[in-house]
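Order of writing sets the labels: A, B and C. Residues in every chain begin at 1.
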């Protein structure tokens, strides 16, 4: 039916005067956009197949290629945008749910960009991190509410609750083996190990090759329980119970059978070719007291040696939920904002469910303090941390550490084309095709991750020094170091900050 | 001595090394000017079959058969690098027959060419290595 | 302009302290002389003193020093105190007219003891009972401010230069084994008597020079435990932190100092295992009470005096010793003016707590 025809969103522009027909574009495109016409000895492109991942653009040795947004348009309509119309056509044609991936791309406010950081002048010296110690070491875990002494009055310094030690307050967030490739996982594991921080297996088990990075691994137990067994729980530094994910709060996951091949089937402990379906809720957690039981089952299973993280999506009632979790025995709460990424989610859910992480963090931190239980848990947040300034702001709002997912993938080469669900990632990240997976050499990948975090660490230290703060714990929850810009009274009050100039 | 090594595990078969080689040895300062509308004749070649591919170029052998076989003294070893003096080459193809890797080949003028680790061109560092997007070709001491 | 309590107020300052380890009591003339030398470190917007051992006749009673803005505030406060405490003595604090000291509030003192019945009813220990009622008066009764609430000690403060404040309060009439003094250089305040320093809570009094960059992190953490930082000054936050760590958590002053000015991780890692574990435990468990930014503080408490600098030593502090006397001040000249022949003069390292206590067996 011709009404199903949709003009491609992007056009491939080839400067024929620069093209040397080396065919790298053709060879590197898993979507078969480019081909060589041998008769004319000219490269042609079919933009209808293009996902705008820039693989060809990046590898073209003569910069003959670029991708531009099409100027093809429907009649201008501020309400019925081209995208809204096209979605209707698609669904009228297929009867299916629209799928998307990576984080919510809609133009909602970005509160990070509406907060400004302080610096010292005169009354208080700024500190130069090149000359003075500047500390970013962070411990995650429950803190004792009361010190104890032995019979001789000596302080008992052994923790009853395990602590996770991070050299920088940045961890790699949960991305499963299956949703991302073996090489992507290896890059994350090696980088976490070199950076003395942690990466997260996501729900999908842990490949046997990566058990050796266990000291820097957080394993995830989610509603599908894929890949969970004794050895898995014992291999790690911490266990994360995944309740929800920022990109798709309230729904489960579905890794299609076509991706359950070889080692993925083994690691997930399900037969080759079967769909891996994670239910929307944990079917053993229908209420907060059930969560407490799962927390303690996992602690029992690991002899109380591993901190337990509970990860939730930032939803409307997040502060009350977090307060419940803080009393459930969990050691760490991870909160994922609505801009958090995903390998696949229903578009409408990704774009419309959940709340901004900045507001969620501010209200959770405040609520836990109001109830006097902030020390019961550490708070880790994620959901679109884009740079070091976002991290400084997150910590000043009250976070102990952050999870980065999308930025880590960007470091590995992701160009945010948001087509992960197709399984044809040209950058070798969100794919299981061997010829594509091979494109991500972990030797390059892990170094780029290390570089990114190191660079951010430098910047965090510079900003801390500017504020006259030489230890990250003195920044945590230090909201006087933030001022809002262009925010209304309500937003300021939720964030617990003053407006610039106040 | 630093040599070029290849790792087929990471080779994507993108053939960029060939184009960077051809450009480096073209004597031109612009890749488009050098390679537009020509069939390249690079000194490094991708061998591929099914899903396996890797780049092949001169190994700079410690006991080079090509040098031993050269009847005109055009091939010689200088600081470990096997180089060719194309003025001396008579185009007898003996070296081509002798090289077990197939890394010596005729150029477009009938004399032989081979990888000289970009020591004689503007590249400085081997260009194929710089152009490889996945570190499948490395230049290192082993 | 807004008063203390509406925004966080940074200020620079001068501090000085004198302590007799033998418990010999001496009047306030020396401490006034000492703080007067550092006149230029204050700007006339606040000065004050804390003195320990001045009320031996009432040493078992809490001594409340209170500023009143009005007679109504005084009546309301006295009604409240009478309903909760036995009052053994009350009087107007004696002052003399000094030209430079103006806008005086009504200043009274009361020697009190919580009524046993009420204390039992509230299931609080005596100190906690007192803390809560001080917080109540200061936040709920308009125009009343209890600025001193310890036993056998007292704070005397006002808007003005400290040397004028000393004369105003007739400090030559008080004898203490420990004196601390403060001259204030606030950068942003109209000057309110309650905002002058020392800041005190029970028998802890703090004088502080510096501007802490960790302020809001400290404040938001300490407020979880029932403290209300109503003045929004660094000194108030530091006082509460010490009260929490020492009185509520039961840390020693040394341990509290290892929380407030925790050693760098690098230093901690270089220690012997047992010490390393202890320092790590303290730093991690009370991470949000680490104080950063420049500070030098003098903490007076019953029987002792603690001096502490920030970890980088971004504020000056000098200690002098002569026989049983220990002198601590922002500048050496303000020690020399009262004791030119010191036996020992030194500057403690950043983060190194210097704690002096009364010699064993000395009763005060």
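We adopt the following convention: a residue touches a chain if its C-beta (ideal position, glycine included) is under 8 Å from a C-beta of that chain, and two chains touch if they have at least 3 such contacts.
Remember, it's a predicted structure, so these values are computed and weren't measured experimentally.
Distance from chain B peaks, on a Cα-centroid basis, for C. Just count the C-beta contacts per chain pair and the biggest one is A-C.
Located most centrally within the structure is A, per distance between chain CA means and the overall CA mean. If each chain is reduced to the centroid of its CA atoms, chain B and chain C end up 79 Å from each other.
One simple way to say how far apart two chains are is to compare their mean CA positions; for chain A and chain C this gives 47 Å. Averaging Cα coordinates per chain places chain A and chain B 44 Å apart. Listed for chain A are no residues, as none touches two or more other chains. Annotation for chain C: no residues touch 2 or more other chains. Contact residues of chain B toward chain A in the complex are 9-10, 12-16, 19-20, 23, 31-32, 35-37, 51, 131, 133-136.
Taken in their complex, chain A has these residues touching chain B: 17-20, 22-24, 27-28, 41, 58-59, 61-62, 64, 434-435, 438-439, 441, 443-444.
Only residues 7-8, 10-12, 187, 210-211, 213-218, 220-221, 223-225, 249-251, 255, 262, 264-266, 277-278, 280-282, 284-288, 290-294, 311-312, 314 of chain C touch chain A when the two sit together in their complex.
Considering their complex, residues 120, 123-125, 127, 132-133, 135, 137, 139, 143-144, 146-147, 149, 155, 157-159, 163, 369, 372, 374-375, 398, 467-471, 473-481, 502 of chain A touch chain C.
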